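Same chain, two partners: chain A is paired with chain B first, then with chain C.
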Partner chain A sequence: MERLRKFALPAILIVVAFLFPPINAFLESTVDVNLMYPAIIVAVYVMLALGLNIVVGFAGLLDLGFVAFYALGAYVVGWLASSHFRQVSISFGSTATSLTGGELPGIHLSFWLILIIAGAFTGLCGMIIGAPTLRLRGDYLAIVTLGFGEIIPRFFQNAGDLWGFNLTNGTIGIKAIDSPGFPFLPESMIAWQRFGTLDLNPWYYTILVLVLITVYVNIRLRDSKLGRAWISVREDETAAAAMGINPVTTKLWAYAMGAVFGGLAGAYYGAFIKNIFPTSFSFNISILILCMVILGGMGSIYGVILGAVALQGLNFYLLPQLNEWVHAMGDAVGSPALSGLDLPKYNFFLFGIILVLMMLLRPEGIIPNRQRAEELHDEDATTGDAMSGRARA
Partner chain B sequence: MPLLELDNVHSYYGHIQALRGISLTVDEGEVVTLIGSNGAGKTTTLRSIHGVLPPREGRILFSGEEIQGLPAHGMISKGISQSPEGRKIFHRMTVRENLEMGAYHRNDRAGVHEDIDRVFELFPRLQERFKQEAGTMSGGEQQMLAIGRALMSRPKLLLLDEPSMGLAPVLVERIFQTIEEINKQGTTILLVEQNANVALEIATRGYVLETGTIVNEAPASELREDPKVREAYLGEI
Partner chain C sequence: MTTGEATKTRSAAVIDGIKSSTWSSRIAVALTAFLLVMLLVRAVQEPALFTSQLLIGLTNGAILSLIALGYTLVYGIIELINFAHGDNFMIGSFVGLTVLSGTIFGLGLFAPITINSGAPLRILGVLIALFVAMAACGLLNVGIERVAYKPLRNAPRLAVLITAIGMSFILQNVGLVWKGPIQVPFPELISSANILPSDAIIFRWKDLFVVLVTVPLLVALSYFIGSTKQGKAMRAVAQDKDAAAMVGINVNRTISITFLLGGILAGASGVMYGLFNGITIFNVGFTQGLYAFTAAVLGGIGNLTGAVVGGLLIGVISAMSDQYIGTSWTPIVIFSVLILVLVFRPRGLLGDRSAVQGGGE
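== the complex of A and B ==
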């Protein structure tokens, strides 16, 4: 049973994930259901949720501004793979080509290189933002991260004119971001040469590989020495320090690692949707990702994946679908109230209800992490025992 | 040169002065105990040594090197380890994981295994429970674990804060026997204890603290006979 859980289940999941595009093609040809686009968006959020899981689930730091790193990653791809910086003309391994045959304005780097740059850059930003804030504990940290989550999109909105320099193009955003691709491939593999909008398979496999890397790193981190340090800091910072663990650098690592995956997801997302605006990175997203982590089970890798799939599936696929059915039903029975209903508008209302129900019925999440579940269930083990010990003295 | 030397240490909690010029020494191989009533500054002295509450004035020397102002997490690599007041074990980790945390800064796997066995020898009860979650054990077992965990860094100096707190008299006896054994195996111990009776039984020397100052210092056997100490701390009238 233990072996089954450890190897068979992940193996099956990975195989199913890799076979998803043909399955989807089959579904499309038979029942006219195309899940490719929602699947990609869900996968981006799985990555974000796993990134936040490092911060919230492993290290126990409540981060309400995770969207900042998502936005940073997206803007990195915007800067390095579009014609935004018209002053220069730099190309390296990019899929972008000049239509007129002349020099292509802007910076156009290979998407794969940009991924690495985005990860490193957001990780660094995570450290810079984290350094002054991580001396705070609990609620105070949450408030400061909330602040950063608001500041960064606001900065992108206003940095269209930084002392005359157009860094982010303000509210108009950065448009026409280059597609990823492998330009060196032969003409017969055109879909992989330059990822297009008609064939989403290359996009899907790219994010799938990114998600798998994220899962792998999550597992390795959880079981590492650093992972143990995170748990100890989460349990008792003073005791952890007595073991020779520096709580500040330990927490900083969690923050930086989380930021790296937030940035990678952002870079992919930026390339996928091609146009990025400061308003795409609102506070709502921070909360949505946090909901995924809490719903699935803080610190539990499977749980967090499930939480992301459930919430984003609901958001991106189920609600619009339901909406259509309700409209059709409304038209059929001639009820203007039903046919005019806009269900997706109520998504956060629904998430709220789900969260409240979860907190009441199963606060440890759908698939809980062993230690986390206990922290939420028997409070006596921490305080009670020590207190009763004192009472006897 | 003493292993540990406090020279005129003043420590504060905010504006409140808790230590008013503490000077003491601990020589290698000794068991030194600090006794005194509630609020005398015993725990504060340990906290000052361990970097949790850096002293505002005075010097703390460990093997002749000034260590005041070093952060708490830097102490373990200097060779100072502590079993803090209230035990502070990691409740959700197993006994084994707790012991491994004690050796966190070490990289010699084989040595760590050896030391886990050594702790199990000292506290056989822990071996029976090594897979059990620490928070589910009794107070006495948790105390054993806290001391065992502190030993895992192979410290030169072990700081023990109230190891008898909340334990049945039989267990107190057993824990103190083990502390004596640890000392015989070569670890110097600074022991803070309210239960002056048992502390003075195993200690080489003792300091008596009152409201943040040291009022008496003598070999443990002398302190045990001191009528003032007997009256104030040993519960005799």
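== the complex of A and C ==
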């Protein structure tokens, strides 16, 4: 049974995930439901949630500004794969071609290279942000991360004119980002040569591979020496320090690793959505991702994936569906208030309720990590102000 | 002789203090001094503009201090960043607006009070709006504490913070359902005319109104905390919950009263914000709340004087930033202040008075 749990379930999930495009094609031909686009967005959020899980779940640091790394990743792809910096003309392995045959303005690097750059860049940013702040107490740290999460999108919004230099194109955002692709492939594999908007399969497989890498790294990190250090710092920082673990470095690694995955997801999202605006990276996104981690279960990889799928499912499918029912009901009883209601607008009402109820009733989440659950229910713990143990009274 | 010696030792102490200071604090002092000098230069260049901006900053700061007091009171007593406090402030402004409109739940009680109403009616309307909003927000805050925070008294601190964030989103969406996603205008009940005879320096009736509401509230609060039995109980609980319980203080009731006080101040602040700025919106509590929290941290969290000083300072900083840097950069400036204070001086300017002192270990 233990073996089955360990290998069969992940294997089945991976096979289903890889077979999803043909299944979706079948669904589209029979019941006219195309889930490709939602599936890709869900996968992006799974990746973000897994990244945040390293910070919140493993290391017990509350990060309220995770959206900052998501935004940074998206802007890296905007800078390095579009015609935004018209002053220069650099091309390397990109799918973008000049229509006029002349030199292509802007920087156009290969998407795969940009992914690596984005991950490294956001990881570095995470370290720069984390180094001075990670010494702070848990709740102060949360507010500092919130501050950064607010500053970075606002900076992007204002940085359309930094002493005359257009860094981010302000509120208009960066447009027409190059598609990823493998330009060296033969003409017969056109969909893979340059990812298009009609055939989403290459997009899907790319994010699937990214998610699988994230899951793998999550598992390996959790079971590593660093992972055990995270758990010990989370449970009792003083004791961990006494055992020779440097709490600040340990936390810094968690913060940086989370940032890397946030950045990777952001870079993918930027390329997929093609136009990025500073307003898409609001505080709400940070809370949405946090909500996924908490609903699923902090520190539990299955749980976090479930949380991301469930909440995005709610956003994409359940709320619009409910909305239609309410409208139909409103039409039936002749109530303009009901038929004019726009339920999806109030999705954060639901997320707020989820946060409160989960914390009150089941703080360990739907699929709990066993160790985490014990910590969260241990009323006698004497120390620790991470998300374990009792608050210092 | 003795005075000379005293000055000598004092100057020696100052020199020792400078020698033992860390590089980060030296840089911080240098940077603050540089910014102050830049401001002074501006002040000398255009004294009237500077003074007007300073007055606007102080008035906005007074509104912020009332919210900041709510954060600092609650943090001082249960070490919780009451994230929903800013949204409570927003609800306060909505309650005030509803009272002034005279129509509650589609039930018209009296004609809306507008700019055309007579002066006595306008004053009465504003007073009733303030009073109702204060009562509503106070009770709302107590209710939130009962439902969402009290069951988590022994839970990890960050779990309570997450609950507070959840409550904040719930309140924000209540506001969204109530008044919709767009800015709602407040009736212009208090004149924007200048009180001062000269046109150069501007101090409006509105600004005076804010001062006239804030000062009595602050006096009342400081009397309550400093001189009443309940205030004494609050201070005792803030110092040590277990010891306070042992000498017969009802800890839960004291915590409820703290939330009540915070809510009352937030309600007053919400109505004043609406009347002062002429608008309110469902998500106004998020930014204003963060500004106020910054103020509380800047002054030293748990420290009531600190919250007022911090609020006034943040008000002035944001007014100066609006004038000399640009309105769109103001949030960045304020959030940077928040981060810099938390990182370099988590005790705040006047010192941390909460039970857990200081930010770091």
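What we mean here is this: the second predicted complex is superposed on the first by the 363 of 393 C-alpha atoms of A that agree within 3 Å, B and C clash if a C-alpha of one lies under 4 Å from a C-alpha of the other, contacts with A are read in each partner's own complex, and residues count from 1 in each chain.
We adopt the following convention: a residue touches a chain if its C-beta (ideal position, glycine included) is under 8 Å from a C-beta of that chain, and two chains touch if they have at least 3 such contacts.
Everything numeric here is computed off the predicted structure, so don't read it as measured data.
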First, second, both or neither for A:363, with chain B first and chain C second: second
Chain A residues touched by each partner, larger count belonging to chain B or chain C: C
Partner chain in contact with A:154 - chain B first, chain C second, else both or neither: second
Partner chain(s) touched by A:236 [first = chain B, second = chain C, both, neither]: first
Which superposed partner A:86 touches (first chain B, second chain C, both, neither): neither
Doubly contacted residues of chain A, that is, touched by chain B and again by chain C: 238, 375, 385-386, 388-393
Residue ranges of chain A in contact with chain C within the complex: 60, 62, 64, 132-133, 135-140, 142-144, 146-148, 150-151, 154-155, 157-158, 237-238, 283, 287, 290, 294, 345-346, 348-349, 351-356, 359-360, 363, 375-376, 379, 384-393
In the complex with chain A, residue positions of chain C that touch it: 79-81, 148, 151-152, 154-163, 165-170, 172-174, 176-177, 181, 241-242, 286, 290, 293, 297, 326, 328-329, 331-332, 335-336, 338-339, 342-343, 346, 356, 359-361
Residue numbers on chain B that touch chain A, as the complex places them: 50, 52, 71-77, 81-82, 84, 86-93, 97, 100-102, 104-105, 133, 135-136, 139, 142, 149-150, 153, 165-168
Touching residues (chain side chain A, partner chain B) in the complex: 225, 228-229, 231-232, 235-236, 238-247, 371, 374-375, 381-382, 385-386, 388-393
